[in-house]
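I've put the structures underneath this note.
Presented sequentially are two complexes of chain A, the first with chain B as partner and the second with chain C.
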Partner chain A sequence: MVAPLPLPTGERGRVRGSNLEIGILHVIARETMSSRTAKVPQTQFRKRDLFYLVPLWFISLIAPDPYLYHKKGFKKKDIFYLAVICLAPLIWSDSHFHHLMVLAGIYAILALGLSLFMGYAGQISLGHAAFFGIGAYTTAILTTRYAVPTFLAFWASALTAALIAHLMGRPILKLKGYFLALATLGFGEIFLVIVRESTNLTGGVIGIFGIPWFSVLGFSFDTYLKQYYLAWGVVTGLFIFSKNLVRSKVGRALLAVAASEDAASSVGMNVSKTKLEIFVLGAAFAGWAGSLFACIMSTASPEAFSLGFTILVVMMVVLGGMGNLYGPIGGALLLTWLMDLLSKYQEYSLPIYSVILILFLIFFPDGIGARLNVRVIYLIGYWAKKKKRNKGKL
Partner chain B sequence: MLLLSIEELIKEYDGIRALDRVSLKVEKGRIKGLIGPNGAGKSTLFHLISGVEKPDSGKIFFKEKNITSMEPHERSALGIGRTFQTLQIWGNMTVVENIMAGMNRRLKGGFLSCGLWLPWIRRSENEALKEAKEILDSLGLLGKWESLASQLPYGKQKLLELGRALAMKPELLLLDEPASGLTPLEIEQLSEQVSQIRQEGVTVFIVEHHMGMVMEIADEIAVLHNGELIAEGTPEAVRKNPQVIEAYLARRSHTNPALPEL
Partner chain C sequence: MSLWTYIPQLLFSGLTIGAIYALVALGFVTISRASQIINFAQGEFVMLGGVITFFLLKGVKLPYPLAALIAVLMVVLIGFAMHLSILYPLRKASILILIMATLGASIFLSSTSGLLFGTLPKTLPPFSSEGPLQLGKISVSPQSLWVLLSTFILLIFLYLLSHRTLLGKAMEASSTDPLGADLLGISRNLMVFLAFGVSAGVGAIAGILITPIFFTSYSSGALLGLKGFISAVLGGWGKNSGAILGGFALGIVESLSLAFIPSGYKDGVAFVILLLILYFRPKGILGSPFIDSRRW
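Now for the complex of A and B:
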């Protein structure tokens, strides 16, 4: 019996190089150590090692390394992700998959904006669905009532959401923690009430129908495949923007505000301005996502922007991992896919969904991005050792 | 030249006068110490200068400009840097990022230009990184520049906080009990750092319990007792001042026998 080595915790910054590479070293060390203490003559190399070392090395190529996100710019892995995003719909050419990925892309935009506000600046917003709704309704109203081109409506949506966020944020962002959560929650509910009651403008509970496809200069995004590239093109653009943001002075200001507001203002950072700016940016992201959503679903109705939807987006950010930008995109993909998978179980889908979410939160408290690497290594290492131990007993 | 001037400051908490008509002056290029028994109002005075709290009456002038009603970040933008009595580093950032965040005020660029990573942003980021490493080098922290700040030992975190305050190039540096919790060796290093900072032309205003350190490095010392300024002058003069001795001895005999010798 060998005492287990401590898990590679992968504390950010202390390790140089990839988290997974360290993990592989750990597995190797554990393997060699256990064989030494058991006084088994040490073998040079076993074919069995390939079972986990090769897959681990492969995973280390593709899995993002959230601990190192802050100091590096773009890496080769990002090009790999981009290639996967570009090629996936061509390889998996199935219209259901395409539609699902379009939705996941839209949620990813939303989660990206929220993760800047929650994961970096350390604030809480439970009213993000309202900005998504504002974006969707702006596009719906402009395109159906005033025949504004969708491309212009796309920008107008983000602008409207940002403007309203600016007006809301000034008083609301003075609050902190639970109070901020409650205030934003209230804002989301007020938005829903306004949408339902102002029948002339928004069509009330029925909503607005017949929103045209998104089109740029006469090119219409009328198939799922085209929409896929539209949505993920926007995700890529906004991801690059966010990544640049968090590695520059703005990112440092956000992290500083999250950790200690007193210290942030002691070096001349305007804390309330920083919070307001990132809130407005998150709202603009949501406005863009809402505009795309309206164009792709061709409808806008109030139930799409309820509290449940906000919670879903917050879950995407939390599950994906706060404080890194790959997390929310991964969370959006995971939850969209999970909801679709469970939808065939009908009335059992919600309980199953909740149980899965709870399990994720228990086993991946820092988000799937941060823990997946370590867990995979742990499981494989454990499996290998168990097999060996059984063999020794025999 | 006069850098900081405090006139007739009054601050009350629930009817208790924490500061009673305190007037102080800090000359440019000097190290001024502020001492006093526990509860004398030293930290309150610091909070008022850095803007965390506002005085009930009185005025504060920095570089002949009235800053009494300014927000903390506006004051630090004018050139008042500070460290905190309870350590306030940003543990979610690396050591070098802490220093670079301290420079933020001097770096150009807003949300849009940073998000688009325009050429001058890249240039200024690279320059900031280089400068931050130089600051870390002078503090002896360069070996740990990539570690998370929360993983440093306490003494190094204190140094990092000092470095962060220096990174914003302040004209006046407020140090709130920098030596608390440090080992004698670390206190010695800190004294050297502070003297070094003064030689670079930064004025230092320091609150400290560690008498040995403050008597050694300060050019001038002010003594607060029960919210009033009871003495001001060179370390020797303060040490011999009967009022000061009484204030400390009275405390020493009754409540706090462990207070250090003057």
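Now for the complex of A and C:
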């Protein structure tokens, strides 16, 4: 009567799909093999190869390689991304754009932490909005009630979120699959109820207003442009940290836990400790993001941390692609822009948003980046074959 | 001592809401018996049942029984459509994708319902128009009796469906032993399809039963769905009897908690119970056929 255990999530994302470079090699190999059967000299330069090799080369310049965790360090591409992030607000100096990118940066921090937990360790969390909220409320309460400097509150938020995650994670992380999802969801709901009801501490449904701007040593981040560099600076720092983390012993332990907990524990890994560590780390990321969010929006109210927000953040991780670190950042950018585009349609925005999410899930279950590359390679390979077939050479 | 005079009254209202939780939980269990899917949009079926009946009754001015019947059929069709458009294309996807897709469907159903039928909370007239009955010290609204009666009839129907018909056996087989079901020529996709219809129908009936007592608005489905799921886990995941027991237990505990804690915390009670049960006895009160007792 015991049903087979479900596969851990994230596993599929890593097994399926292929690396862009391998894809190019694959196309070339197929081409040369088929040309060998057609008795075409291999050394012959064919102009038509440029048709697909040049666009593929361009894509490989811009698109992140989704399966980098086994590769060494940073690439030139990362410097390119960093340059784009630094220069974008200067080129496109529109305050709406700046504000949107600040939000995208904050969501990217949150999604990065969640991606470590979901994409690498293969667990499911629908309660990360609660840690975001804990971070935001810690900052709000400390700065407005006790006049703590925002920089200290920033660290205190991450610490509080991590502490609560440690207490919560110990019982919750025994669970798997649907039940882990449900338990984390339940934690999020309990957080919302507590925030709404403890009016003295959190201001109830109305929330807390008048949180000061983020400031370090007297330098206040009071314009959108400064906030942009603050948010994306934090994203860059945490990205470098995460990237080093997933290539360390801890990161490899996470992959092992995602692949098979039994196998991981049989080679002497402390599975529950590994899961707890990464859960706490993800919560700390969420705490930092929440603290920045509170400083930038200057309010904290319970509506911002509801189930809908959790769905948005998890979608960022899923759509960006599980098991790589560029995914959540790309997903955060994509969904923030999507929400902004849809907000024009007022009451029609939620139905359109949900339909788009479902379509993305059906057609790109491994994340947009991964599947897009595979599709492009497939289409180009198909196109090349079709040309040959038309010439009667295949 | 005034607290204790409320207890019987709270117990009875807990029984009524517990019946609704039991029906929602049965919707979850029906689907989970046919496949390992958990449909997070189950609560939206409940909401749609109430809202569509209200629309047919007040907007189209159909007689009450006809409106209720058409509403149930429409929700069943929505359940079928949801399976064909979302769950069928994703039948090989991982758990996380399924969770996100059904949550997306839940957003879609609730927001579309708000768009089509308006965002104001809706209420239906009770099934019979007598005033509240006095049983000793507690007053009982006739609608609560209707709820309990209908729940009982539906429970018998679902029991017969799952234990006494070939269809029910085939549904269970396709979940517990997919390979065996395939070898016996059971179409697993068809079984999940039918299970979605049944669970949507049960959800819609629960919605029609509950709307005269509690207000139903376009956004009330999500919480109801979650509480139904908690009931199913509390009683024992994957068991009809567990769903019923869990539903009544959750309803009564939640209702009794009103006597001891501020009413704002009522929604938190269910989730605290959930965390406790998941920690101490994840297979639920009655045990679960799907959860390995030692490690899961």
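Methods note: the second predicted complex is superposed on the first by the 317 of 394 C-alpha atoms of A that agree within 3 Å, B and C clash if a C-alpha of one lies under 4 Å from a C-alpha of the other, contacts with A are read in each partner's own complex, and residues count from 1 in each chain.
Simple rule for what comes next: a contact is a pair of C-beta atoms (placed from the backbone, for glycine too) under 8 Å apart; a residue touches a chain by one contact, two chains touch by 3 or more.
Quick caveat, the model's predicted, so the values are computed rather than measured.
K.L.:
Looking at the overlay, does A:Y353 come into contact with chain B only (first), chain C only (second), both, or neither?
P.N.:
Touch partner of A:Y353: chain C, not chain B.
K.L.:
So, does A:L245 touch the first partner chain B, the second partner chain C, both, or neither?
P.N.:
So A:L245 only meets chain B here.
K.L.:
According to the stated criteria, A:G323 is in contact with first (chain B), second (chain C), both, or neither; which is it?
P.N.:
Only chain B is touched by A:G323; chain C is not.
K.L.:
Given the touch rule stated above, what does A:N270 touch, chain B (first), chain C (second), both, or neither?
P.N.:
first
K.L.:
Please indicate which partner A:G210 is in contact with in the superposed arrangement: first for chain B, second for chain C, both, or neither.
P.N.:
After superposing on A, A:G210 lies clear of both chain B and chain C.
K.L.:
After the superposition on A, what does A:Y178 contact: first (chain B), second (chain C), both or neither?
P.N.:
The answer is second: A:Y178 touches chain C but not chain B.
K.L.:
On the superposed three-chain arrangement, identify whether chain B or chain C touches more chain A residues.
P.N.:
Looking at chain A, the partner in contact with more of its residues is C.
K.L.:
If we overlay the two complexes on their shared chain A, which of chain B and chain C does A:G218 touch? Say first, second, both or neither.
P.N.:
In the superposition, A:G218 contacts neither chain B nor chain C.
K.L.:
Kindly classify A:A258 by the partners it touches after superposition: chain B alone (first), chain C alone (second), both, or neither?
P.N.:
first
K.L.:
Looking at A:V193, would you say it contacts chain B, chain C, both, or neither? Reply first, second, both or neither.
P.N.:
It touches chain C, and chain B stays clear.
K.L.:
Using the superposition described at the top, list the residues of chain A that contact chain B and also contact chain C.
P.N.:
Of chain A, residues 11-12 contact chain B in one complex and chain C in the other.
K.L.:
Chain A touches which residues of chain C in the complex?
P.N.:
So the residues of chain C touching chain A come out as 36, 38, 86, 89-90, 93-97, 99-101, 103-105, 107-108, 111-112, 114-115, 175-176, 178, 222, 226, 229-230, 233, 262, 264-265, 267-268, 271-272, 274-275, 278-279, 282, 289-290, 292, 296.
K.L.:
Please output the residues of chain B touching chain A within their complex, sorted ascending.
P.N.:
50-52, 71-73, 76-77, 81-82, 84, 88-94, 97, 100-102, 104-105, 107, 109, 111, 114-117, 121, 125, 128, 146-148, 151, 164-165, 167-168
K.L.:
Can you list the chain A residues touching chain C in their complex?
P.N.:
1-7, 9-12, 118, 124, 126, 171-172, 174-179, 181-183, 185-187, 189-190, 193-194, 196-197, 307-308, 311, 314-315, 318, 347-348, 350-351, 353-355, 357-358, 361-362, 365
K.L.:
Residues of chain A touching chain B in their complex?
P.N.:
My answer: residues 11-14, 16, 70-71, 241-242, 244-245, 247-250, 252-253, 255-256, 258-260, 262-271, 277, 281, 323.
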